[in-house]
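Both complexes shown next keep chain A, but they swap its partner, so chain B is in the first and chain C is in the second.
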Partner chain A sequence: MSNVTSALNGREVTGVTTIREGGFRGMITLRGDLSNANLKKVCKAVTGVDMPAQRGVNMHGESGLAWMSPDELLLLVPHDAADESVAKIDAALNGTHYLAVNVSDARALITVQGKGAREVLARVCPADLRASGLPKGEMRRTRLAQVPTAIWTQDGDDFAVICFRSVAGYVFDLLANAAKTPGPGLL
Partner chain B sequence: MSTRLATAGRLLDRASTMEFTFNGKRMQGHEGDTLASALLANDQMLVGRSFKYHRPRGLVASGAEEPNGLVNMGAGAFFEPNQRITTTELFEGLAAESQNHWPSLEFDVGAVNAKLSRFMPAGFYYKMFIHPRPLWKHVYEPFIRKAAGLGRAPTEMDGSSYEHFYAHVDVLITGGGIAGLAAALAAGRAGADVLLVEQTAHWGGRAPVDGAQIDGLDGDTWVKETVQALESMDNVTLRNRTMGTGVYDHGYALAYERLTDHAPDQDGPRHRLWRIRARQIVTATGSIERPLSFAGNDIPGVMLAGAVRDYAVNFGVSLGDRTVVVTNNDDAYRTAITLKDAGLDVPVILDARPTADGSLVQQAREMGIRVALGKGIAHVNGAKRVTGVSICLQAGEGSEIEEIACDAVAMSGGWSPVVHLWSHCGGKLIWDDAQSHFRPDASRPPLGADGLGFVVPAGAANGAMSTAEVLVDAFQAGAAAAKAAGATGKTGRGPTGDTPKEEPMAPVWLMPQGASYKLRSKMWLDYQNDVKVSDVQLAAREGYESVEHTKRYTTLGMATDQGKLSNINGLATLAGALNAPIPAVGTTTFRPPYTPISMGAIGGEARGELFQPLHKTPMHDWHDANGADWEPVGHWRRAYAFVRGAETVEQAVQREVTNTRENLGLLDASTLGKLIVRGPDAGKFLDMLYTNMMSTLKPGRCRYGLMCTENGFLSDDGVVARIDDDTFLCHTTTGGADRIYAHMEEWLQTEWWDWQVYVTNVTEQFAQVAVVGPNARKVLEKLGGMDVSAEALSFMDWADGTIGGFDCRVYRISFSGELSFEIAVPASQGRAFWDALLEAGAEFGVMPYGTECLHIMRAEKGFIMIGDETDGTVIPQDLGLHWAISKKKDDFLGKRAQERDHMTDPTRWQLVGLETTDGSVIPDGAYAVGEGVNENGQRNTQGRVTSTYHSPTLGRGIAMGLVLHGPDRMGEVIEFPKVDGTSVKAKIVNPVFFDPEGEKQNV
Partner chain C sequence: MLTLECPYCSIQADETELHAGGEAHLKRETVGSLDNDFEDYLFMRENPKGVHFERWRHVAGCGKWFHAARCTMTLEVFGTYSAQTLAPPKDLREKISTKRPGWTWRAFS
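On to the complex of A and B.
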């Protein structure tokens, strides 16, 4: 749809570590009883992946499930599938206490890829970014400098960052600034 | 004179010569020099002036503890004051200037203060400048500000860049001397993730200078091999030029890496602040030598014995041809031996101890150096340089026995472990009588969340004073830290050192021990702040018993070196004056940072564009390209007005108001908070949060609501839309979105945890546009789609549908008094929707408007604004909002508070409208004066302005304000004095100035 503009219009800065806007992604905030069988079933149906463990993220292509808190999940789906996915959840969970909202456009997705990606992030992120501290399959809700974000590794030095749309420019600039110079070589 | 020796200088590359300037004078040094060693090599003994008396100051030390050698460095955007020359590596083109002198370093007018020092005792400022009061502001303070202070403040924005780096490690080791290296060996072999940081550019600390022998190797060789071994371990990271600056709770530590200070032409950040989470921290921070307190110990040419040795061995620099060594311990003999070996003269070693026969002492004697036991210095001769010393009996009162000509004095009062990092987070100290120093009490370390210690002291920092002891202690410390951090590998055997046998030192806090007042008033404890033995003794006589109070009264240890040299000597002096044991007096508090670090490093990347996250709406770029005059609202930037052509901002605002009232205005309202509240108990929950009833709202309808704090004060307002039986969408103010979301979560999580309600913040999911004005419906109908007629969508309705092909939710609400639709579309479509409205609206006279136009229109309608009419002390009843406060509800947040008698006091100022009698605008924040004066002789007040504007609609100044008994005084004229001395008169009127019947919005 030509009416649609992403937060950063596909900005990228290439280099040893490349920072790139990750494009559109459907995101749904789901709050509810994560042990509920219907909830698990519809999450699997919508995303194609199993329920992640605490702090976990399970991805398959553009779709996935991320554990956000004991009563909150983030569902990732293709951008144009978000509304229909919410509708599926509404249908499946009708009668139970839950909250499912399309928040795709409230967010921006930025990727940090290539050698040194962990050290680019470590310039602005207080989380443990060692491979042991943030292994594949975990999502970390943390901050980059002054704003909240969620980060995870898709594979090795291939990271994805979710932030609020309004600060996408700030987050991109932060990462691009850090990527200008090599880190200390610790990670 | 000080000079470069023909040989020696283990850190120098003599083949590489560097030019630099000091006070404009061109000088040369070598690669490997510090600025301090290079200055000494050029016979620049005088490096600064002291803070209070402007005494001439030379170098005392060779490292981070140096109090005197501070300079202004660089120029323009790279200018920085108070750079410590002993820790500044020389580079080509370095330009430094000395500080705190006028007109010149050699001749300083302020030095007259020294002549008056009898009249400037401890606490002088407190005693002198208290009376008469007005003189402080107009006479004393300007004078003191000119006379005091060290470096100049920079005048330009810093041109360098800085960064942070977050590191998570098992074991952080601070200090890369042999202790740190040995600890790293143990921890590394055990398999822990180790980060070893060293503040200088070199590994090994002072062991190679002191001739340490380790595992049969000389110090340099062992250090080199050990560093290589550590570098080959994948789990060990070494960083030099990186100082451990502070230890905090939960294993948090800061380290300060100076990346390009030594090479300013290099690209990249200048400093990197390491923000480290370590399971265990080993403090291998070494020890610092103490000065001796004898008269004239501040004259340039008097230096710590260890520093004299450092300059000779590391940099091939001699402080003088004839150096008198004065000591209370064996270690200083190393200096005498080193100097003698370098071919220099040591006329005498003055040893305050009655006997001395350690192996170093014997060696000195065998080299033919005269050793005078039981002797001390009565006073040093010279002014800007040492010319000689007068010798006396240590046990006596200072009668001169002999005068010896010399040009340098090397003093040693013993060594104090650097316990700073150990102490920062609560590690306790014990007094070691044998060494006369405080050292860490290993049984009382800083405690982590598990109740166990997380800091392990190592080596000299733990009071191990010989090479052999240091290595054993540090290796154990490294192994213990690794184990505590969870590493399970074997550490193997640690390195072993050989140490000559040394005899105990003797505590000497005053030289000679019976020194007269005259001598004591020339004995410096704190070189930078000019605190002398006599000052501390005076403080004690005046009743200062606490070391913390004495510190502040005398300024002992309050200079930029934070008392690294003066601390122990000062408190020993205080203990002596109080006749108390030293441990009973205790130390002052050790606080981070260990030495000053740059403000830039603390700020990191947060400067310029990255100073603060700027929140941008989906239409931000359009606004930016179309004349937006920005104002900050919360963390957002909102357009205050869209300025066209040559008009002023004020003209733009007036134009926008008129156009919106007559044609069509568009407001980017995306920043308003939007919270989804959902669940079977959502209605009950909102009834508690809002003052009015929300549970009775019908799906498809909107209701304006007020939120108060528990104390009854108005906190936020906004329109609530009921989406379905279980779901509400609550609008908050722009600045209130995150705050109110947190407020809701807090009540749900802590108080009403059993209510079935979920809240989520969807503020940024939507771009929201207010389409406002008589033509509002026309433009929407032109775009086509859902029915927006008055019948289908009446005032305070909302509906989902499409307009112009955009999925949207339309709220028929008005904050302007005009026909108004607030339309939410997904944020990704916000810009396209905005463009579509502008295009379709062209024929209807569309103009975007900014926040000031919004403010004026709402004020014309008498609508309150959170933050204008409220300031945290205002309750809804003050604003005449009784209609929005439910009387049916048993409870809501703020209800009980609003019933307190202060809240129901009829003399609380009440909201009214104000119309100026001359049509002018009342200044913002103006107060209305009443009759008489208060107890302070000030005019009584009877009200204040909360919002004030020029209304283009009414063609006059209008305002809202809180006025005593205001609603009962309609028509009365009150007076608002202005800052220019004149007044403006205003008539009290109804706050609704425009269309009180609401005919315009309800069409």
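On to the complex of A and C.
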């Protein structure tokens, strides 16, 4: 029996801005008609939060819902609840055109916390990461250097980054390097 | 740096977040098409100095394909619009006409 391990085993580099691998998180990709009443209902039942607006992310503890595209949501749940959540979605949407997949172990979660987090991210990202460009509660799909990522902040100061597990080491090193020196304090 | 607004997620995406998809509104020729039409479809492309229509994909963002109208000479972007259409929307064509009177592009003007 092999043990479940997260991408980077909780690796962290502490400093003014601390980069930390976020450990286990259940993630479910759901594609379908986001206006469908059954879909909204089961998403709320599984995550406990309401459907977000365009680019929005609603969180409650470890669980949440993120708008990823006009026909795609990312459901965040505790890691051990992912499979049962997919089963609930399958039961609720049986007969409609949709796709729900547990992608938890295909993804990695990395947190960027502390002073200067926006500047650390902005050093490796083409997106507008000012508070006006990426306000709290918004999921920004973009790239960090060479790889696609999704970035959001719940409180406006600390950030979470989702990337593919296969590039978790790359993204971590990138952010750790960007956090080595303090930024000019503009963001 | 080219910046296009993705019509699906409303992000102002710079070109490094996008992938260029070539000319817009191509009609796909297929089995039964005339050889000349098939050749045009495969090889012949517009190369205008001025108003141009292209396909782009928000590849590092929401992942959706969309259309963009821009000027190849000044890089001015006239607008972006849905991929689920066979022609540029009327309001966009009128907007281009106010800026580039008399423009034509393939069958559009």
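Keep this in mind: the second predicted complex is superposed on the first by the 185 of 187 C-alpha atoms of A that agree within 3 Å, B and C clash if a C-alpha of one lies under 4 Å from a C-alpha of the other, contacts with A are read in each partner's own complex, and residues count from 1 in each chain.
Throughout what follows, contacts are C-beta pairs under 8 Å (C-beta built on N, C-alpha and C of every residue); 3 or more make two chains touch, one makes a residue touch a chain.
Computed from a predicted structure; not experimentally measured.
Of the two partner chains, chain C is the only one touched by A:Arg143; chain B is not.
Contacts of A:Pro126 after superposition: both chain B and chain C are touched.
The partner of chain A that touches more of its residues, comparing chain B with chain C, is B. When the shared chain is aligned, chain B comes close enough to touch A:Val4, but chain C does not. Once the two complexes are overlaid on the shared chain, A:Gly169 sits against chain B while remaining clear of chain C. Contact with neither chain B nor chain C is seen for A:Ala37 once the two complexes are overlaid on the shared chain.
After overlaying the two complexes on the shared chain, residue contacts for A:Arg55 are found with chain C alone; chain B is out of touch.
Residues 126-128 of chain A are contacted both by chain B in one complex and by chain C in the other.
Touching chain A in their complex are the following residues of chain C: 8-12, 14, 16-17, 59-64.
The residues of chain B lying in touch with chain A in their complex are 163-168, 193, 195, 237, 239, 257, 267-269, 272, 275, 277, 604-606, 609-610, 612-618, 636, 676, 678-680, 756, 758-760, 762-766, 805-806, 826-833. Interface of chain A with chain B (complex): residues 1-7, 24, 29, 31-32, 71, 97-99, 101-107, 119, 122-130, 133, 145-147, 164-167, 169-171, 173-174, 177-178, 180-186.
By the touch rule above, chain A contacts chain C in their complex via residues 54-55, 68-70, 72, 126-128, 140-143, 148.
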